[in-house]
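Reading through the structure tokens given below for one structure.
Naming follows writing order (A, B, C and D), and every chain is counted from residue 1.
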Amino acid sequence: MLVVMQAQATEDQVRAVSQKIEALGYRAHPMPGAQRTAIGITGNKGEVESGTLEEMPGVQEVIRVSKPYKLVSRDTKPDNTVVKFPGSQVTIGGPDLAIIAGPCGIETRDQAFKIAERVARAGARFFRGGAYKPRTSPYSFQGLGEEGLKIMAEIRDQFGLLIVTEAVDYESLDLVDQYADVIQIGARNMQNFSLLKRAGRARKPVLLKRGISATLEEFLMAAEYIMSEGNYNIVLCERGVRTFTDHTRNTLDLSIVPAVQRLSHLPIIVDPSHGTGKRNKVTPLSRAAVAVGADGLIVEVHHDPDRALSDGMQSLFPDQFDALMQQVKQIAAVLGRNVPIKSNVPTELTNSAD
Amino acid sequence: MLVVMQAQATEDQVRAVSQKIEALGYRAHPMPGAQRTAIGITGNKGEVESGTLEEMPGVQEVIRVSKPYKLVSRDTKPDNTVVKFPGSQVTIGGPDLAIIAGPCGIETRDQAFKIAERVARAGARFFRGGAYKPRTSPYSFQGLGEEGLKIMAEIRDQFGLLIVTEAVDYESLDLVDQYADVIQIGARNMQNFSLLKRAGRARKPVLLKRGISATLEEFLMAAEYIMSEGNYNIVLCERGVRTFTDHTRNTLDLSIVPAVQRLSHLPIIVDPSHGTGKRNKVTPLSRAAVAVGADGLIVEVHHDPDRALSDGMQSLFPDQFDALMQQVKQIAAVLGRNVPIKSNVPTELTNSAD
Amino acid sequence: MLVVMQAQATEDQVRAVSQKIEALGYRAHPMPGAQRTAIGITGNKGEVESGTLEEMPGVQEVIRVSKPYKLVSRDTKPDNTVVKFPGSQVTIGGPDLAIIAGPCGIETRDQAFKIAERVARAGARFFRGGAYKPRTSPYSFQGLGEEGLKIMAEIRDQFGLLIVTEAVDYESLDLVDQYADVIQIGARNMQNFSLLKRAGRARKPVLLKRGISATLEEFLMAAEYIMSEGNYNIVLCERGVRTFTDHTRNTLDLSIVPAVQRLSHLPIIVDPSHGTGKRNKVTPLSRAAVAVGADGLIVEVHHDPDRALSDGMQSLFPDQFDALMQQVKQIAAVLGRNVPIKSNVPTELTNSAD
Amino acid sequence: MLVVMQAQATEDQVRAVSQKIEALGYRAHPMPGAQRTAIGITGNKGEVESGTLEEMPGVQEVIRVSKPYKLVSRDTKPDNTVVKFPGSQVTIGGPDLAIIAGPCGIETRDQAFKIAERVARAGARFFRGGAYKPRTSPYSFQGLGEEGLKIMAEIRDQFGLLIVTEAVDYESLDLVDQYADVIQIGARNMQNFSLLKRAGRARKPVLLKRGISATLEEFLMAAEYIMSEGNYNIVLCERGVRTFTDHTRNTLDLSIVPAVQRLSHLPIIVDPSHGTGKRNKVTPLSRAAVAVGADGLIVEVHHDPDRALSDGMQSLFPDQFDALMQQVKQIAAVLGRNVPIKSNVPTELTNSAD
């Protein structure tokens, strides 16, 4: 914490602020400058409220300095976290990129299997699909619930894909923890602290999506909530933030990838489907996400997006997903990372927006 | 829904889009214009996905037209909703402004009673205080839980104040429904749809705070979630949105008050404490909120903000709250509304920022 | 400037940063804390670049502290600036609110006179109207140029109104300085520093509109540009900022009024017409602007908005402006300020959005 | 334009709106729907104001449909624009990526030559450097003016680099047009329409930077201003937009690259230096910009950023720029594009944020 005094603050005012700081149990460090005096505060545990100081005579402003996250910080654990899955070679945060693909929502067994077959063949190691859908309207399709989870468990057995799916409350979280391999916490619940704590007591890794207007600090603090309950396997996910722009549904903030990697040991992946909301932007932004250094992608794929019950307009056709995999594999190679697909034939790339 | 064709779209392309629309079960209305053709779509129930159409040859863009909210709309109920409380003359949405005041969090019985005594004396009819605090950090004060609810129930008995307090999950919602008079859903949970549905099955009115980056439509849809479960007593609350500005913690968006009143029958109040995050801005913005036409205010008051365990820097001192009440009473009178306090002595107002 | 070291930074790293600071010609103030060390820097003139420091081993982040504005600051001039007009009793920043009204653009002599007659009769002391219109499209009406300025000069002679109009480049600024009473710099030119400097050398007061995404600091620095060239008569104007919201054209940020008044001695008025972009929001937000403590309003009025060549949808009808004047006069009175109109009959205010 | 009627609008109200539309000289297309009626309007030239219609009884809202840009649109010119330079093989918008590099500002002849030598050797074909600096503070370094332009003209002669530099007003624009190869219009002047028109009458190509909160439409309309005066050689540049985030100075919006390419024939490059404001983010975001499909990069490089008079903290060291060139060359190859440097030795890329 730092208190900046006004230019015309008197020595008495500086002294009063320093005494107040000491009275609150901290240590004051006055620094007289050419124009004004600033007073550093040390010894605070992040709980001190700056209100009193800000209102004192002669005070210009109070600036918070300490960062409140601890367990998720590189200060605490310098090495990258690599999330592992029992009985599988697949990891998130290691040299292989994690590619998670599938429909927005599980609609029928047939739909889910058709898509799973295609994304598995294209090389994805994770299957995504919503059984519990947080929809803006109560009148929209809300997901199949446990029935959807069972379909995904079958998909794991049949295709060897690891299952990623969202939990929206305690009940669904317990079921997701039971049926799936990764528990997704969606953007709308990034500050649903009750749910975060419950996820922190689950056994499975958590995929935590950035809230639509979350700062980097809030994002890391949400992960801190999960970790503070004992679950250390967390994957962060950038999925676009809300801005004034209108050419995409959200603005994909790729700069948060290196920013997270600097401050935290946790892996971070990117969701170009929600991040743009438009099918024709998903492939270019997937390339960009891999190029910026993300640890993976989560992409919506649907074999019949016209009839999708949700988010059809941002879902790739399976053929488009095949092409995407080829492209990101080549980009990943430039960064010394791998996308574990068999074939490696470069697909033709057009200059314009695919 | 409206499909806008490109300027150079051919007649065949227009026809193909129209046929697609009809094949999806809707009716197409092509409108040839000077520069380009637009095709109106009618018959949609809000579930159609624009993806397919947007990707068809010759299509420029697809524009959504219908608004998805129904029960909260003035189309459905032209008259203002006035929330009533059994055994009390107090209302929200009627001619009297609803003034809700109290500390950010209930810390001790003594603290809560001291503040309740002051806000009751100043004329507030509602007491606010958090028993369950959604805090950004897991290491911050999280509230007293049920113990805090019991303290507030005592305050109702002693001072005749109606109790407003936040619920953060099923368990706390059931307890708040039992102990309090108004169930608050906080900004971070505005799209926690599970919680909204549960609040829709509660007996008590719901105070729904706008999410930090919620559009007007999302805000009304969150209320629609509650109402679709049968709870018609909802009070909306503007509490500031997240923008690029840094002179206040959030940007208080007062224009949403007339915007809500135009589209919905629900009352809307304003929270200048969270909306600004700075004590010295609370009184000017409270005046502005009443002047714009809000149905009430929710204000943080603390007798000793220096020692508050949360949000001290935005809490008014009780004397400041007294002055605020005098000022808003006079402004309310200009709009033909009332703040039910006894005395009416104008306090001196300074030109500068209080 | 404050350098925050990482938690695990070594003593050598702290020493290296301190030496670097001293080598750059400043003074370093290391403050060891419980978790990490922070190093205060004094002696900087606002020109030091934090880049080097930020990249040094052990550095977490660098925080800028000093505010770069000088002449516009209350530190420099504690008393409010009151802008005066030679040969007139009218002021901006004094006890009387400045009400500026008129059409978006001057279209014809007849149109301008019709509107001027009405706004003068309603009590406005300033007439606004654009002769040079910064339009988003090159194909939109661009204003009458000097012809428009001549019409406004005639209006001053006939109705005794002071003329406020926008300059968009050197040539128009020289003409506006010659014909008008207040030179408006529009939001789009708030950081057109060449134009600001030229305005700083003009004789007439400057009305400086906040840029659509300007921070408080950038806004004050734009005023500093003008003042640094010798023109001390500056009136600031909040006109809405760009956010994610879509229910108004911009988001009117009324909290900047008390924020400016705290930091600067300059008067600040509010533009609810551009601030909302919707006629039905202008009156409620005008009341709010006066209630928050603004020094005046600038409002678009048109007798025939359907045929207005620009911004018709946000222009009030003259009768609506009459009603607005009655309402804001009453609100102003609550704050001890005056709107100098003759009659004082309260108009009926409705609860809903006018 | 589309008028959406309220659900309970009467037939008379629908008829009245249609008659109003026809009276305004347009054609009305009523479309009765299940819930409400919408009325399409054709024949408008972009000048009709929606105000009247929006205020009519029974009207819910008015939606604008037509896009106002013409010359910059792919509707007008389907093929990509490739900007050529007389007497040079270099292009912007062709298969070779345009790499523009140099210091933020020209400070001395020695500084400029040292940096030019390095960026030329690394493979850049364009040299950037500011002679006229739009600085937030009037007390900051404002550039060398014509002296700086002369230094850059010498650099062209010596190193064969094409010169890109910013103009801030008529006078500087005329000089830049004379000395340089590309006239840059900065973000702050993106809606300085007088300057845009003047640039439209210059002989040299224009590099137009996106305003800090410009929508895609406003960005294209700014280009339309230039083109409407006869200058068809325009290069667009994304340089970050202002959002709520605080981990970078701006939020680089890479999704605008495919969005521009879909709507316009103009080339678009990316500025990762201003787009992030942090040296350690420039290289990852440069890779991402090339991967998303940008036609080039503009990057700040300084041999001694600690002593740079502006933007030192976002300038790369020359060695970092060498590494960046190697990386983007490899990424470009994946997209079938070229960065014309000699050597091709892959540099080691780290997983974390460089």
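In this text, contacts are C-beta pairs under 8 Å (C-beta built on N, C-alpha and C of every residue); 3 or more make two chains touch, one makes a residue touch a chain.
Only a predicted model underlies this, so the values are computations on that prediction, with no experimental measurement involved.
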Chains touching both subunit B and subunit D, listed by label: A, C
Centroid-based (C-alpha) most distant chain relative to subunit B: D
Chain centre separation in whole Å, for subunit C relative to subunit B (CA means): 29
Contacts with two or more other chains, residues of subunit B listed in rising order: 213, 242-244, 280
Partner subunit C, residues of subunit D touching it in the complex: 24, 45-47, 49-52, 54-55, 68, 70, 134-141, 168-170, 172, 188-189, 191-195, 197, 212-213, 217-218, 221, 224-225, 228, 242, 278-280, 305-306, 308-315
Subunit A residues touching subunit C - in the complex, by the definition given at the top: 2, 4, 6-8, 29, 31-36, 38, 40, 42-45, 60, 63, 65-67, 73, 75, 213, 242-244
In the complex with subunit A, residue positions of subunit D that touch it: 80, 213, 215-217, 241, 243-248, 251-259, 261-262, 275-276, 280-281, 284-285, 287-293, 327, 330-331, 334-337, 346, 348-349, 351-354
